[in-house]
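Pasting a structure here, questions to come.
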Amino acid sequence: MQVVRTVKYEEELDAGFTNQVASEPGGDAIWNCLQCGTCSAICPVSIYMDKTPRRIIGLIRGGFRDEVLGSLSIWICTSCYACTVECPQQIRITDIMYIAKRMAMKESQYQRFVVPAVEEAFVKMVRKNGRLTESRMGIKVVRKSGLRSGVAMFPIAWRLMRKHRMSLLHVERMQDPASLRAVLDALEPRHAPTAPAAAPSRAAGA
Amino acid sequence: MAEKPKVALYWCASCGGCEEAVVDLAEAILDVVAAVDIVFWPVALDFKVSDVEALPDKAIAVSFINGAVRLSEQKEMVELLRRKSQLVVAFGSCSHLGGIPGLANLWDKASIFDWSYSKAPSMEPGATTRPMTKIQVPEGELELPEFWDTVKSLNQVIDVDYYLPGCPPTPKLIANAVQAILTGKLPPKGAVLAGTKALCSECDLNETKPDKLLIQDIKRVTEVQLDLKKCYLAQGVLCMGPVTRSGCEALCINGGMPCTGCFGPVQESPDYGGKALSFVASIVDLEDPARAQEVLAKVADPTGIFYRYSLPTSKLGRKKMPRRK
Amino acid sequence: MTGYLYYPGCSLKGSGAPYEKSLLAVFSALGQELKEIPDWNCCGATAYLSVDQDMAVAMAARNLAIAEKLDGQDVVAPCSGCYLSLAKAKATLAEYPDVRARVTAALGKASLPYEGRVAVRHPLEVLLTDVGPEVLKKRVTRPLKNLRVAPYYGCAILRPYPGVPSPQAPHSLEDLCRVVGATPVDYPNKARCCGGMLTAGVQSVGLRLVEILLCEAKAADVDAVVTTCPLCQYNLEVYQERICKAKGKDVRLPILYFTQLLGMAFGLDDHALGMDQLLRVPLVAPCAGVKA
Amino acid sequence: MAVVMEPPKEAQEAWEPRIVAFFCNWCTYAASDLAGISRVKYAPNMRIVRVMCSGRIDPSFVLEAFRDGADGVLIGGCNPGDCHYKEGNYKTMRRAMLLSQMLQDLGIEKERFRLDWICASCARELQTTVNHMTADLKRLGPLNWKGV
Amino acid sequence: MNPPAEAPRIGVFVCDCGFNILGVVDVPAVVKFAAALPGVVHAEEYKYMCSDPGQDLIKKAVQEHGLNRVVVASCSPTLHERTFRRVVSEAGINPFLFNMVNIREGVSWVTEDKVQATEKAESLIDAGVRRVTLQEPLEARSEPVNPNVLVIGGGIAGMHASLSLANANRGAKVHLVERQPSIGGNMARFDKTFPTLDCASCILTPKMTEVKIHPNIRLHSYSEVVSVDGYVGNFDVTIEHKPRYINEDLCIGCLKCIEACVFKDARFPNEFDLGLAKRKPIYIPFPQAVPTKVLIDPHDCLYLRLGTCKKTCIDACEKDAIDLEQKPDRVSLKVGTIVVATGFKPFDARRKPQYGYGVLPNVYTALEMERFLSPTGPTEGVPLLQDGRKPETVGIIHCVGSRDKNTNEYCSKVCCMYSLKLAHLIKERTGAEVYNFYIDMRTPGKGYEEFYERLLSEGLKVIRGRVAEVTKAALTRAEKDHLIIRAEDTLAGFVRRIPVDMVVLAVGLEPQSDTQELRRMLNLSCGHEGFLQELHPKLAPVSTATDGIFIAGACQGPKDIPETVAQAGAAASEALSLIHRGVVEIQPYTAVVNEELCSGCKVCIGMCPYDAIGYDEEKRVVHVTEVKCKGCGVCAAACPTGAMDQQHFRKELVMAEIAGVI
């Protein structure tokens, strides 16, 4: 058992963090949170999160930037919007999770974790072909999360292929992916507002 | 009376109806002609402006000026007559309120010329000629008076002593006025020589009105078989009686037509259109907005109907033209 | 012949092939035309939103813009995930002017003006409202009498943009079951998430969610689970073997699409419904070799 | 000269639209009091003239306000059915229908004359109405009827 | 309008109102501006104009400067117009030669920019001064106040108000109208009340009987107010007595008819017990009902529904009180004041499907639990599960429908306390383990926190976490055949799933469903949530914008019984002060016609909903019956010639104000 200092001095926190989140679409009502816990209660995967959704919102309001962007919670969220619908203060918690993910992605703060890597692969493939090919995606997931999981995935892929629901040869592609890229490139990458002179970030919280 | 009082009659932006009205005095005109010395009456007698200028100031006992003021020349003439006359009487709706020509204040010189000289169907397409105030021609320099953007009533140009309302004023009214002037028994300056109350007070059909004057629909005169014995307004036909000054003895109504308001407003409420609109909208007794909108839409042209004779002397006076880029 | 614009989405071209087959079969049987949006692109799903908001919205909005350019008929998105991405893009563009400015400018460059006129709908709602239960019932030739079914909605069709009425207590699948003569069972977790991308990313958590849903369906002793989304169908179907091995519980169950259920009741041919492409087929289906 | 002169540039910036608001005592005036009590801030361009019922507002008052230099006129009354005197606001509604048509005929833009039903507890609605109207008028620029 | 008699000598008094105005408006500059206005001979600033020294300031200034008109620029006229008019008249000036300019609610409280606020204040004062210059002296009219009082709603609020009024009033009648067959309202359904746990019926039944026997109270039970016209001091009220099919004067409440009814078993849901217990077609809502008279439900009674029945009830009744042909009858009466005490309706738990009310077994609302706990309730005081067993574990969920923007955003104030009370009673009666799920335990009243203290020491399990859902999908063996409550224990930091046998939903309080009709009938207004709106939340909590009509209890907003009774007393005293003064001042804002200008066109007559304008045949002009005129001014605006005008709001005054504000 290692004794770790848990108190945070104010200057270690990022005071502007809350408004950063609030200024993004979907983050506007974050200041109204009652900390009532409905979101954590309705969330199907909150029991697997290192910090429950309620605590994430509380941390964002407190300015605990590193704890939030470094947490597992934002990656385990399956965006099923149950919290958004149930929140008595109508805070869009799912959108706030996305905002946190985008910030974490932009500042590559996230720990080495499979979900962000998978999502980055997804984006790359869709940018190239305009559509996703499940088989190729499956391979990428296996590469990212280690060979062991690949072994378990193999029988599934095989049976799907026999049922003509998956194929290694066919690549699902738009006729003219360039027209999609024209749209995407016209949007200069709007990285989430980076933190102002980010406070010296300690090791991510326990 | 050593000398017969001099009288002048002049017409500005006028349809000539007021001149007609004088003639309508029929035999009575003979007494008038006998009693006065007409020194200036362009429509009927060949007097020249120079004749008037030759007269000493205040020489004319009374000038009857009809028609609205729309050209620079008319302004000069009425100012001249003002100088020369002891009394000036605004004769008829145009000089009293701006009259029908006053409705031109919904446009301005540019758009009127644009229509009359280019866009009107009678013009060949692309015609661009415009009237000029000065033009050199072989014979010399020709002049035209300046055409104003805004039509004005007489009292917006010169000081007016009395007003004879009506389009045109009724012969009886004219006779009384002349009589009053000749005998000197005149009300205080600025008075309108007609009734002081609204027309309903002297209209026989007023008794037939139900106590609560409320209508469910508005009909145009052509859309309904009017019961001439009953108040037209109660039958849903727009009659401006309640808001128009009395004095005409309900001439039109006795002729089977609703009053259109040529005698103008009573003293207390100078803006005729605002009051007309208010009472019409108030008596249309409908609470459902859609139904009310549907019926009120039958007042096809509220500005034209409510300000038919009095746009120049209304509170706003004219339309504010959109800025042309 | 009223028509709709059809947005298949990547899954229906892959593991969701039976969904596309049965959808097209059922709609054409009902005389409803489904015109595939020409050169549609991926809706961005949940991944793009984690990378860049504008791009995620633009991805989905491009498809809507193409739909508007055609004749602005309603867009039908069978995959609940795509339905959610398209609806979310439309809502974000309507609510946030600065996002709208940037995205419409970008779409403009690809000469795709976007005004937000087009409606995004799910085929389950289209069938029950535009077509209506009576018309469906008339078309049923082979009522699936003693078929016990667990109606499973998942989350994207319900939240946060309800694709079917009364999102907190949905009943559209139950209504559909009654139309085809099947008996819908009371399935409390019918609106609980199936794990979505988690079954690939964090398998321990994803499989647990799937296990809960399958155990409950098993406990309700049903012949099949009916879903409205290819991702839910994939999760509930392909991991059954692993869960049986790992947890020592028999959770094997056929996982159908509601369009397949309807197609069977219409008496359509099994191949046309992609029944043979399922890993496990309900006994009542002809191709299961056993006559109803 | 009918063409309206453009006010000089810098007057444009310093210029603040002036809204004359006729509020009925029972509903909209009560809402303005509630806005005060709840510190709901709104554009200061509006000046309230209190009357007992929106039905008291004579269209001539509106014409007078525009002639005297108002850039916008707002009438606030109770929702139909809520009038303290049973039916006063129905007359207001009908008069406003004809009046807005007449004002547009006279070149006064539609946004310059508004009739809004604002109930006694609708402080927020009052705030949005005043702010929106002020923004509209800033876009339209001064009416400046004296210059017509 | 005749010109003002003497030259105007106006005094302008600008109030700082502490910092409320001074903080934003540059008052000294405003005073300097006012001093320079035409007609103003004196202008000064003071900290609190409405205070005594402030009022004396005015009187002194009137003397010193010979003022004949006064303008006070301070708060809203709705607050202090009457105060300052009294001061001005005491200083010898006609009270209507006074004008109040609102620069607090109208300016300082709603404007950020100080310069613009000062400019706005100055232009409003300019308008106020121009207006006061043209104002005419008027006399307020006084009307007699009818001593009778109408009280709508026979719950604890209505009963207490009626008793306070009836005890004070020599000879005047209190008409108490109650919609249900018996008075008692929602409180009659409770078993115990917090925080003292004294039994609801023990403190309620004596009051009910007192109401029954009080000579000054005429109880109209099973009746509704149908229409209210008139104004303060003179309301014409029509009440409809719904048919009980029993002659109330004859029935002595012996209840023999109930036994004799053809329906041997009670099969129809009893509304008083929220349908949990059953009753016959002929019934009495609950044993201590007042009046203790039976009634027949026409939807259930065979004869009234189908017209065929042996009518055994009639034979059983010795008093021959049953009259199956009874029709509703209406009675009209005059009252001077009205007290509205119509109470609340509980939030319909079906609007929260996540809690499974009406779907899952053993999920009840708090009101239903009150009936279970009540000795006269369906289970004689011991809450039971549907299978008859006593519950071993019970979960009470707070804030059902309240503090939730998807349903009601407001906090219903009483649910925390009554949930603690229910927890205590359930533990006492069944020995069950009770969990309370709350967001904030709100115990604001006297003895409330101590009550919470007591519950904690009794071992009540409290979990700070708003419940997300109640489900029967068990995940572990222990959860089988239980209702699982899923909530995050935010203090412990864990999401928990707690299996219980029974769930109680602490539903919030909502306005009655027909508040809108009641509001229109009485010319009142409602707040955003739908409760009746008080004149001023702090200064006039039981008065309304309509003089003579007062509100008390939950109809004005969620509150507990102590506060309700306090408000009932307050409403009674407000009504009594009007009654004892005997007269009430009516503002002289009536219409007045200028006969020289009236053409008899009759446009104005149709404008008046109170028929206050008549047509004089000989003079061919209209005339105004001042008593009937309410002073709205609609006729003045419609008059085509300006002959009709409204006192104190004459055309010239409004035109002057317009000129001032621009």
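Read from first to last, the chains carry the letters A, B, C, D and E; within each, the first residue is number 1.
Rule of thumb we're sticking to: contacts are C-beta pairs under 8 Å (C-beta built on N, C-alpha and C of every residue); 3 or more make two chains touch, one makes a residue touch a chain.
Here the structure is a predicted model, which means the values were calculated and not measured.
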Chains in simultaneous contact with chain A and chain D:
E
With one step meaning two chains touch, work out the least steps from chain C to chain E.
1
Find me the chain with the mean Cα position closest to the mean of all the protein Cα atoms on display.
D
Taking each chain's centre as the mean of its Cα atoms, which chain lies farthest from chain B?
A
Pair of chains ranked first by number of touching C-beta pairs:
A-C
Using mean C-alpha positions as chain centres, tell me how far chain C is from chain D in Å, no decimals.
52
Let me have the rounded angstrom distance from the C-alpha centre of chain B over to the C-alpha centre of chain D, please.
33
Just curious, how far off is chain C from chain A if you go by their C-alpha centres, in Å?
24
List the centre-to-centre spacing of chain A and chain B in whole Å, with centres computed as mean CA coordinates.
79
Residue ranges of chain D touching at least 2 other chains are 58-60, 64, 87, 91, 95
Residues of chain E that touch two or more other chains sit at 354, 607, 634, 637-638
Would you mind giving me the full set of chain pairs in touch?
A-C, A-E, B-D, B-E, C-E, D-E
In the complex formed with chain C, which residues of chain E make contact?
353-354, 359, 471-473, 475
Along chain B, where are the residues that touch chain D in the complex?
106, 108-110, 149-150, 269, 271, 273-275, 277-278, 280-282, 284, 286-287, 289, 292-293, 296, 299, 301-303, 306, 314-324
State the interface residues of chain E toward chain A in the complex, per the touch definition above.
354, 399, 403-406, 439, 464-469, 486-490, 493, 495
So, in the complex, the side of chain E touching chain D is made of residues 76-78, 102, 104-107, 109-113, 116-117, 119-120, 123-124, 127, 519-520, 523, 525-528, 533, 537, 545-546, 589, 607, 609-610, 630-634, 636-638, 646, 649, 651, 654-655, 657-659, 661-662
Within their complex, chain A touches chain E through residues 34-43, 46-47, 52, 54-55, 86, 88-90
